[in-house]
Amino acid sequence: MSEYATERATERVEKETARVEAFSDGVFAIAITLLILEIKVPHEAGHDLWRRLLGQWPSYFAFVTSFATIGIMWMNHHRMFNLVARIDPMLMILNGCLLLGVTFVPYPTAVVADYLGRDGAKAAAAFMAITYILIAIAFNLLWRYVSSPQRKPRLLRVPPEDAQVQAIRAAYRLGPLYYAVTLLAALWDAQMSVGLNLALAVYWAKPPREEK
Amino acid sequence: MSEYATERATERVEKETARVEAFSDGVFAIAITLLILEIKVPHEAGHDLWRRLLGQWPSYFAFVTSFATIGIMWMNHHRMFNLVARIDPMLMILNGCLLLGVTFVPYPTAVVADYLGRDGAKAAAAFMAITYILIAIAFNLLWRYVSSPQRKPRLLRVPPEDAQVQAIRAAYRLGPLYYAVTLLAALWDAQMSVGLNLALAVYWAKPPREEK
Amino acid sequence: MSEYATERATERVEKETARVEAFSDGVFAIAITLLILEIKVPHEAGHDLWRRLLGQWPSYFAFVTSFATIGIMWMNHHRMFNLVARIDPMLMILNGCLLLGVTFVPYPTAVVADYLGRDGAKAAAAFMAITYILIAIAFNLLWRYVSSPQRKPRLLRVPPEDAQVQAIRAAYRLGPLYYAVTLLAALWDAQMSVGLNLALAVYWAKPPREEK
Amino acid sequence: MSEYATERATERVEKETARVEAFSDGVFAIAITLLILEIKVPHEAGHDLWRRLLGQWPSYFAFVTSFATIGIMWMNHHRMFNLVARIDPMLMILNGCLLLGVTFVPYPTAVVADYLGRDGAKAAAAFMAITYILIAIAFNLLWRYVSSPQRKPRLLRVPPEDAQVQAIRAAYRLGPLYYAVTLLAALWDAQMSVGLNLALAVYWAKPPREEK
């Protein structure tokens, strides 16, 4: 009976955390799927349709880049929350700031899709890079809050000194810097900047430390 | 065996409640993510793109305000349903009225995004405030129904006299009044009204009473 | 150990059913939330904005009607699946036909929102009514398949003679007829037809038989 | 106690897999529901509205075809993941490629809806067929990775020699070839190509081998 009671209490706290995770997952899944709505069907293309579809490569490029970036952010969010045992109001607010950034992504994606390859491309690429810098900062704030050694009761399943916790902290610290590089690149060449974002998404796919 | 049977029965009722929660969470998550679709890419901006993107501040302001408001409503819905042990058809209908309001939010948001800073701004801000008043009323009706001492069998996990139940009731009672103030503000200054909505979202983030 | 093994096996089948329910819930939640995207912000209304917003009553009417209808369909889907213990491929296909109808609803809603109160209103209302007739037929086909006494192994938790099963069957049989009345009404008066759909949604909210 | 500990460990791994499944399900559910947004209300049709609604058959045809295709892909994804016991980063990346294809589907659907029955129809149908070929290839890559006999620790619940695993492998191998036929058909007749896609969706609904 006592073992069952403990199990129920653990379930309650886990349900709490699971609901925040599920809500976040929903936002990630919706944001990643809405990206496609920003690609517009060419009007009155007639027999020229095939060429017009190929000519939309900036839209496909922006779509794939943002899809990969949101996908990788989801994987990293997932890794973080695997280590989270309990949530508090401040964690929910910081997580909300992160999700605010994620839901915003379809807009710079649409701007890049519209302007890549013509006047305004650099501004569009810079706008995308700034969005990603802000999201990377939100990831850092969230993880620093969650993994702070001062936090009582502890929000993590593991002690803050755990190697996995430190590995995530070290990896995230570089995030804003990396996206600052893509921002600088945008001032020079818009397509290279978007390409760097895509390369970064592939880079972040690698777990901070080999997970068992 | 008997303990297991009890556990299964409890699970059935909890699954029922969990499904309403999950559906509501889905609606909140989708509504909050759809907000971004209301921001439109500037057409043919060319080298002027950066300035045009900055000039869209009313869209960003409306987006952040509605994101914060829906986010806080989700947190409060979450707090309410943490105390709900079972649902009945009337609860589902009142919850449906609340969700009707939440799914409507992207529309006044789009109206504010379009009209803030130009003729029609006051009407737009008033439209947003009225939407929030109606949602605040729906929160009150739902909580009054759920926490009514007359309800048999009890829908709450805790007795209606519980301090947490009373704290939520006291906090929600003020909701429609607060949003009535933002409505009045809209008649005077549209941006101040939208700003008050954002301030209220931050205010509601604070739990009615410190949760353990 | 043996009790635990049985529990695991039951969990596997329930997980299967739960996943179909969760997918269906997702589709209902998304369809109900997408409805708002069909209301368009009045362009260049200026000081006339307030009157233009009020003048959009057909859009609000169509929105509320479809919201209530999808909401009630979700509740009924929920009641059905509460009695379903296992799924098979045919059930998934019939459920898919039902969801096809539900995801289609935002389109006739947009048509009604656009044409109510001007030329074409009757065609728009008829289009909405036909959509609802088809969905009501899909509900009947699904329930008849699930509750057929010939089905081995049984898909329901309860025997097909169960009063609740029969009550649902009796209630659903009338669905297509009721919506046929709203179709006839559309030929006479479009607004009355849409109003009847809304009234039907309220009517269907009542559970077929008092649930314990 | 030891049995309980084993149960908890199993639950952790299953939760991991369940979260990837839930995220994928969300993406499938959203993509299938967004399809409807691509059908546009006829403008200023007046008394001609009914005929204009009927004249939109290419939109309905494209909608039903993509709905059926995404629905069947979901069912197959479901069957695959029923056999998956654990996930690793590479599986998540391959699953991400599959989801990238699924979220892209609304775009070729909109192109077909717009161009079927007029100049550009063949290019539109070919565009849809190519999308489906790429998704079919992603299904193959994912299943080959998951079911590879070299994989240690095993990702499947069952040994790679299991008849069900082999049946899925055999069935998927033909996917790209089947959609290559619809691509060839597109060069000859666009409507026949779209119709073949719909027929293939019905064909794939049949489970690779009768599931118990």
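Lettered A, B, C and D in written order, each chain numbered from 1.
The rule is simple: contacts are C-beta pairs under 8 Å (C-beta built on N, C-alpha and C of every residue); 3 or more make two chains touch, one makes a residue touch a chain.
Treat the numbers as computed from the prediction; the structure is a model and nothing was measured.
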Shared interface numbering between chain D and chain A [over half = same, under half = different]: different
Label of the chain whose CA centroid is most distant from the centroid of chain B: D
Whole-Å gap separating chain A and chain C, where each centre is the average of the chain's CA atoms: 34
Inter-chain centre distance, chain B versus chain C - centres from mean C-alpha coordinates, in Å: 24
Residue list for chain D, restricted to those that touch at least two other chains: 22, 26, 30, 34, 37
Interfacial residue positions of chain C with respect to chain D in the complex: 1, 4, 16, 19, 22-23, 26-27, 30-31, 34, 37-38, 89, 92-93, 96, 99-100, 103-104, 106-107, 110-111, 114-115, 118-120, 123-124, 126-127
Contact footprint of chain D on chain A as seen in their complex: 3, 7, 21-22, 25-26, 28-30, 32-37, 39, 41, 45-50, 53, 63-64, 67-68, 71, 74-75, 78, 82, 205-207, 211
